[in-house]
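Below are two complexes that have subunit A in common, paired first with subunit B and then with subunit C.
And then the complex of A and B:
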């Protein structure tokens, strides 16, 4: 079995298993703690609180005007590279084929972007990631609260991005090995996903919803 | 982090604390874990370490010191959660990715949890993940209390209040003070009526420092012909158990108010101009009791605004002096009483000049969360207050109003220190002085 076959065969399957069961367990472990019954007289109805909770899921993506002056740069960089990553993963031709093969379906309607454009997006994404990394080190509160999880997650993302670009741009080395490196780094991301901060992909909307919902019950600011 | 701050804490009952360091840490973590539900765990799990909460915190903004980053203040408990009770606790423990929390760690964190946080909740509004950071701090304080690491100033007051209903050594009982205030200001104070529709409380700070505010509230209630009474056994509604982080004492203190209200058959407990009293009674008492309370809890500005809207309270228009209003965090941002003070100011014809950060986004007075009571916090408090005073000045206001006695204490102190040209006034007093006859 070649390294490439290993990376997209047994290792990928193992990584997917860890990812699926790990994510499920981490979500279930939180939900098992249960939601407390609340006794205080509510200011707003449950329906209104549900609406506000739902709205908070989306609205929290845009900073309140009171904060934007201090947070705009960090948010632009953060959202910027997230948008880049999603664009590459969901609209890059080879990736679309990969998803279709992995899940065993054909979706001719699934749009893709031209390879050249994806390469440009990838380079921009890496630049934004670099800015985010430098900022994590230079910005005092960020540096203070950063830990292994932050740097390890970034390291895996860099490995994926750089090996991907290397493969596309035809860098030195055998293509098969470079592609294997790309897939192995992706597998590592899947394996690390449930253990670290990458879980925010699953927590973000429930967390925002709960915040908006509970604040709305009190009539408090959201 | 300085050791001076650590030494300044005597801890709750530390003199009699014969527990080992291990037992005290376990006590802290036990209290922390007991406060857990899915929503708190979500808060623990979801942080992406973006550091944005620092940009909401007045202590970070004023000093630029990264240790004041709000989520960092909860770091010890976040770490303990991931290591001891999170979904992959054994993984983090075995690989040593999360170090065990020690008593020394907790001692170092005292300063961050008590001396540099007002639990004002502004950080909860900036978090892109929607984390309730202030709640994590509150739960962290509970852990610290159980480890015997709450500041003595708060822990002693909480214990005294739970025992006697009064959070300070007094020369005269509060009931006597109330009677004297009534006599001095020419208002009839109703005290210890056996049955009444409304039970009213007074802020400790106003009883001692701003008695005219207490008289003002009484004057308005009398004018409205309200069926109310103060109760000698529960004159103040503020809750030092909330500040100190003691769930047990907080519950005992709240129960005293709740029991008195039940005893007189009150349908409403009226909380005076006191932010923490409002939040702890309005949003936490029922949760601590584990029951729906048989009465409503309203802040005095809410009650008065309802009377204005019902046409029962008519007010004269005041002068056109440009006026700024400070939104107390526990009443407005966390408590939801946003419109009521503005309804009153509108009825009074106040020429309101809103600050850039107002309503739910207002900067805290920096004295809340017990910081007014901890003298050593004053230098840091003043730095944060300077930011706020400049913001008030930027509005061009000549008058400065608020609806919380604790905020007034904080602003009065800062005003004196900075030779500020404004005095912080009570909104309820302005209402009382302008009732249309």
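And then the complex of A and C:
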């Protein structure tokens, strides 16, 4: 079995199983935690609290005006590489084919961007990721709250991005090994996903929603 | 002793060519063609010609095993050198089931005689995979299994050339679930130089070129899969005339869309060019008339080990290589169960803490 065969076959299969198992474990465990008993008088109706919860998802996605001067740069870089990653993953030709093949459906309507554009987006994304990493290290409070999870996740992301660019740009080395390295990095991401900070992809909006909902019930501004 | 003398008396390729009236210009043209095929520098032509002229006309034993005769069909369509010139001028084909007039016992006698006369010097060409399950009983000829025949014939060979992906890596015979336990020559023969010339079938000029190269220079430089680097050094993708479309991100999405009509890259339609090492894009087929990608079909990767088990031919090289879905459902169910157990445990702990506080 070649390394490419291994990465696309048993390893990808195993990684997907771990991903499905881990994500559901984490989600169900959190869902079952329930809420703390509220002793205060309810300040808003349930409908209003639900609306505030929904609005909080949007509001928290934008820098707070009081801190905008200090946080705008970090948020812009964060948004930049997240948008870049989503563009590459969801609109890159080979990736779209991969998703269709993985989930077993054909979607001719799914648009793809030209390879050249994806390459440019990839390079920009790597640059933004580098800025974010340097900032994380240079910014003292950020460095203090960073741990293995943050750096390991970034390392996997770099491995995926650089091997992908390497394969597309035809860098030195045999294509099948570079492609295998790309797929293996992705497999590692799938395995690590449920157990690290990447779970924020699933938690972020429900967490914001619940936060807004509970604050509304207590009559607190969010 | 007399047999050794007989071997030494055998004419050199140069002598045979002189007798046949092959002129110097024609011979040099042929050698220049061969060195160009093998990507050797032009100045190597003279040395190549000298060595080839001095080489003694070798005995070749061609053994077909679990095969479809496609490789031999391909070989007989070689343009440079043609099979006729190869057989009569360059090699002495002493045994081949399909081409020889003799059959059965007489054919086997011819093989044993050729082996005895040329012990240690003949070239063994193998075509087809070798079944190993049930001690090789899936393939038997003249009361001997293919395994026995291969081992017996390989013993006295100077080198073995495995032509076709079946002889090289097991090919279609070894495809999952490999019912006959088919393997390639190099999996069984470890004490002789094995040169793989894979493909389904291999390019005829690559087969004949490898033989001529061996005669002139011995075992050529081989890659990790024992293929001559001269012919298998680059991927189809690296030499493909559609590569510029790949670089520009222009892909055909189906075999009859605008992209396909414009000759765009076939990567998304399953082309295995990026992971396949072969000379199709440069030597081409039928005397250089064309090759599959030029005809509008992606490469199927037929010169790579295990190419039958690399997913569908119309799925790209990034496609997954597994089909089980039941296990994902089991993983999901297990995840929900473990999550629920963890949630219940947390709830119980919270309740206990609350009661302790009260």
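Note that in this section the second predicted complex is superposed on the first by the 220 of 222 C-alpha atoms of A that agree within 3 Å, B and C clash if a C-alpha of one lies under 4 Å from a C-alpha of the other, contacts with A are read in each partner's own complex, and residues count from 1 in each chain.
Criterion: a residue touches a chain if its C-beta (ideal position, glycine included) is under 8 Å from a C-beta of that chain, and two chains touch if they have at least 3 such contacts.
No experiment lies behind these values; they were computed from the predicted model shown.
Q: A:63 in the overlay: touching subunit B, subunit C, both, or neither? Say first, second, both or neither.
A: first
Q: Any idea whether subunit B or subunit C touches more of subunit A?
A: B
Q: Touching A:137 in the superposition: subunit B (first), subunit C (second), both, neither?
A: A:137: touches no partner chain.
Q: So in the superposed three-chain picture, is A:20 touching just subunit B, just subunit C, both, or none of them (first/second/both/neither)?
A: second
Q: Looking at A:31 after the superposition, I want to know if it touches subunit B, subunit C, both of them or none. Which is it: first, second, both, neither?
A: A:31 contacts both subunit B and subunit C.
Q: Once chain A of both complexes is superposed, is A:200 in touch with subunit B (first), subunit C (second), both, or neither?
A: A:200: touches subunit B, not subunit C.
Q: Can A:110 be said to touch subunit B (first), subunit C (second), both, or neither?
A: It touches nothing on subunit B or subunit C.
Q: Of all the subunit A residues, which ones make contact with subunit B and with subunit C?
A: Touching subunit B and subunit C on subunit A: residues 22, 25-26, 28-34.
Q: Could you please specify the touching residues of subunit B with respect to subunit A in the complex?
A: Spelled out, the residues of subunit B in touch with subunit A are 36-43, 45-56, 60-61, 64-67, 69, 71-72, 75, 86-88, 91, 97, 121, 124-132, 282-287, 289-293, 296-297, 332-338, 356-357, 359-361.
Q: Taking the complex as given, what residues does subunit A use to touch subunit B?
A: Residues in contact with subunit B: 22, 25-26, 28-36, 38-41, 43, 56, 60-61, 63-64, 66-67, 70-71, 74-75, 78, 139-150, 194-195, 197, 199-200, 203-204, 206-212, 214, 218-222.
Q: Could you list, by residue number, the parts of subunit C that touch subunit A in their complex?
A: Residue list for subunit C touching subunit A: 235, 237-238, 246-251, 253, 267-268, 274-275, 305-306, 309-311, 315-322, 324, 327-328, 331-332, 334-336, 338-340, 342-344, 346-347.
Q: Touching subunit C in the complex: which residues of subunit A?
A: Where subunit A meets subunit C, its residues are 1-2, 4-5, 8-10, 12-13, 16-18, 20-34, 93-95, 97-98, 101-102, 108, 113-119, 170, 175-176, 179, 183.
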